[in-house]
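You will see chain A twice below: alongside chain B first, and alongside chain C after that.
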Partner chain A sequence: MQIDGREVKARDDMTVLQAARTAGIHIPTLCHHEKLEPFGACRMCMVEVEARGRKNYVVSCLYPVAQDLVVRTRSERVDKIRRVILEELLAHAPNSPELVALAREYRADRDRFEKDASFCILCGLCVRYCAEVKQKNAVDFIERGARREISFIPEIAAKECWDCQECFALCPTSYAQAAYFLTEALAFPGRRKAGVANA
Partner chain B sequence: MTRLESAAELEHFRAGIVAARDPAKPCIAVCAGAACHGLDSARVAQAFRTEVGKLGRDAGLEVRVTGCHGYCEKGPNVVVGPDDVCYFEVKPEDAPEIVASTLKKAVVERLVYAHPDTGERAVHMGEVPFYKHQTRLLIGDNVRIDPMRIDDYLALGGYAALAKALFQMTPDQVLDEVKKANLRGRGGGGFPAGQKWETAKNAPGKDKYVIVNAHEGEPGAFMDRALFTGNPHKVLEGLIIGAYAIGSHRGFIYTRHDSPQLIRHIEQALAQAEEYGLLGENILGSGFDFRVEVHFDVGIFVSGESSALMRSIEGLPPEPRPKYIRTSVAGIWNRPSNLNNVETWANVPQIISRGAEWYAGIGTAGSKGTKLVSLSGNVVNSGVVEVPMGTPLRKIVYDIGGGIPGGKAAKAVHFGGPMGGSIPANLIDAPLDFDELAKLGAPIGAGGLLVMDEDTDMVDVARYFLEFLTNESCGKCVPCREGMRQTLKVLTNITKGKGRDGDIARLEDLNDVTGAACLCALGRTASDPLKSMLRYFKDEYETQIARGSEGKGGKAAGSAAT
Partner chain C sequence: MDSANIDQIIEKHRGKPGDLIHVLMEIQHQNHWLPRDVLHQVAAALDIPFSRVLRIATLYKTFSLTPKGRNEVQVCTGISCHLRGANKLLDAVQRVTGIKPGETDANWRYSVDTGSCLGSCSIGPEIIVNGTHHARMTPAKVEDVLKDYQ
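Now for the complex of A and B:
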């Protein structure tokens, strides 16, 4: 197959994103993590693909490779999609270093849309890491649509989180950490300290 | 009742039902469709039963509680057969008079249709303007069927198409017939049903599923509910025929948890069909097995999206699947799953019994058959309408719908609810056609037609749809969740007179990316209403934005824009 004009070889069980990364071609992602199942939610990894003369925009983290597929990781349209997505997310987390760096690359204006400082961009890294790697499900999505947020489940978090907290490092905005400590303060204050003292 | 073991037994049984019925005997059909039910038609039906009960065993007329007749505006509806005398806005206290007149073969003049302008009367269904311009192939039987009684469906020739398919046709021939008929999906996409069936049929795997999408969740769409509640066996028969063609032995009906009447009718239909040997093991002795189970939604619009619906059947939250493999190849539990909506399935029996050629003779080059339309908004006659594809929208809005109330002018017609589009009134001669309307920017969608008069604020219409969608999106992917959230904010500001310079560009960018980048069809088509508004009504948006900018001293408010 071809990515950005280069011939690239890939195993047939790979996604376009895996093939590109193997070939050293960078595609930006926010919700992707190698240890986790592809999620396809942030849509930052969208690329242009062309097969049998038809052009399409797909998320590379899920799109399977195919013989003779032509992929363009940058184009005016791809860049526009990434720019608007960044502008939408910057309304929530205007100072996230990851977003700020990408905003510079894609000329995204962080003040374009009305601010809604929820900090979380709902990439789901914490939720999925806890479910897939730790298999604890201590943090999950609640609500739907524009009201969706992450929430630590106090009963599970009280038992599982105090000596884990591995999701904090995955969070692009530090909101996971904030949400956890808020849950702790509200639902089981002092529990973590007691746990540390006992350990 | 013993099971019917062959096509001959079915025909024999049917002949018995028909013979026991006197076609000349008057039958009072009381509509119990959603709108009439809301107007307490149950009390009307009870009044008729009491009245007829007084006449004793040989009353010489019967009362039937049926599904939706269609003319919701004028409910509670009562139709008296065999001549189909239509009475409108019937109250329980009208029952004695109607019964007495019917026995005398007379008509209660004060309850028949009178034209609002000319006062001209119309007594029979075929003369009432709302009905006479329609072609009611699917919904017409509703008047003759008590949905709780399979015998009523059999009396009208029900399940003959199934018998024909099972005993006179191979699965491939059934598939070919549906392909030749060019039946296109009525759920929104207009995708050719035969092609979808073929994909599922040819997909590898032994276990395949067929599904009825009865999750009609779009505001302003109520025709699937009217059809399925009023004539559940028609849909079920279509599903069984489809299963036979595809090679599926397990079907699902996915419907709303909040329509108790519909649920009751579906469950009764399944039980009766099974009792008669029309469902379950060895259907009509043909050797074909097929079972159906009913699943309910969890109260969210997106569960009607095909991949979300399938996750819901699996027992998972109804989030659309991020996969580039079609559900007809890998759907429920990753097995080939063919999903069609209520109206699509309901078309199947007539295609089999009357043939693809007959069916393809109705409609336009690309859109065949009739289409159910939920007509509502600023229109004199709201209700469920069925017309041949290709019918000009003007005919639906004016001849059938009776035009705009209050002597006002039409401003726009909107098709397809929150994922559809609005076209201005000057395009009202456009035909009801999947491709023509999609080109104009008002794709038929499921078939909800909303008429808007000259007083309608088009910014507020878009805002209303966006508000619905932001609450109904699953919230997983950014361009849907965030794109719609921001679009709604911009629109809300404009309607409050707080529009800013650059709002049009903001809306266009948001809409463009939502339409291109969303994970599922809900998100991608959520941009359609606004797209059509910016295509036809941009000046209205600009005027309202300008009003906002001026009010706040012009440009300053929009300094961060574009």
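Now for the complex of A and C:
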């Protein structure tokens, strides 16, 4: 197959994103993680694919490779799609370092949409990491549609989270950490680093 | 509803993770809501993480995590019913029951909710009480219909 004009070889079970990364071609992602199943939530990895003369726009993290596929990771339309996604996400998390860096690259306007600071961009990294890697299921999505959000389940979080905290580093916006401590403050007695309180 | 009944429903599906929605629906229909400790029982019996049970229970509108009254009153506010006076109908329902949409009265007699669309445009405006459709409703008829539901 061809990515950005280069011939690229890939195994049958690979996705376009994996093939591109193996070949050293960069595609931006927010919800992708090597250890986790592809999720397709953030749509940042959208690319243009051309097969049998037809152009299509697909999320590369879910799209399987195929013979004679022609992929373009940057084009005016692809850039525009990514720019609008970024502008929408920036309304939720205007100071996320990852988003700000991408916004600079794609010339996204941080103030295009009215701010709705939910801080969470629903990438699902914390939820999936907790379920797939740690298998603790301490954090999950609740509600639906515009009210969908991540929620630490107090019954599980009280036992598991303090000694793990690994999802905090995965979160592109620091919201996972904030959500945990908010749950802790509301629902169960938390723990603190030893020695600090007496200092 | 007593807990023996709930236990019976849960027992029927023990060890079958794929039955989650069925279990929740059966309990919802009998008990009118899903208490948190029941959800814990469901998670344990079906061998599902508790967080996933919560995710499903909060995703679908069928399920309620807060107590509901014995009789569920739904007023259609879809566009057809709206044009035929659903607003006045809703006002009448609120006056008779004394509660607003999303609320339950102190005697657990009614829970009122709105919906759009409830799917019977040709016979609107309508209210649904415990699944029974009452068609061509007028504010005057509301009291008559609701008084039969204790």
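Keep in mind that, in the parts below, the second predicted complex is superposed on the first by the 189 of 199 C-alpha atoms of A that agree within 3 Å, B and C clash if a C-alpha of one lies under 4 Å from a C-alpha of the other, contacts with A are read in each partner's own complex, and residues count from 1 in each chain.
The rule is simple: a contact is a pair of C-beta atoms (placed from the backbone, for glycine too) under 8 Å apart; a residue touches a chain by one contact, two chains touch by 3 or more.
Keep in mind the model is a prediction, meaning the values are calculated, not measured.
In the overlay built on the shared chain, the residue A:Ile156 is in contact with chain C alone; chain B does not reach it.
In the superposed model, A:Pro28 lies in contact with neither chain B nor chain C. In the superposition on chain A, A:Pro172 contacts neither chain B nor chain C. For chain A, the partner touching the most residues, choosing from chain B and chain C, is B.
Once the two complexes are laid over each other on the shared chain, residue contacts for A:Glu143 go to chain B and to chain C alike. In the superposition on chain A, A:Phe39 makes contact with chain B only, not with chain C. In the superposed pair of complexes, A:Ile85 makes contact with chain B only, with no contact to chain C.
In the superposed model, A:Asp109 lies in contact with chain B only, and not with chain C. Note: residues 141, 143-144 of chain A belong to the chain B contact set and to the chain C contact set alike, using the contact criterion stated above. By the touch rule above, chain A contacts chain B in their complex via residues 38-44, 46, 57-59, 62-64, 77, 80-81, 84-85, 88-89, 91-92, 109, 111-114, 116, 121-122, 141, 143-148. Interface residues of chain C facing chain A in the complex, by the touch rule stated above, are 40, 49-52, 54-55, 58-60.
Here chain B touches chain A in the complex through residues 300, 302, 322-324, 469-479, 481-486, 488-489, 506, 509-510, 512-513, 516-519, 560-561, going by the rule given at the top.
For chain A in complex with chain C, the residues that touch the partner chain are 131, 137-144, 151, 153, 155-156.
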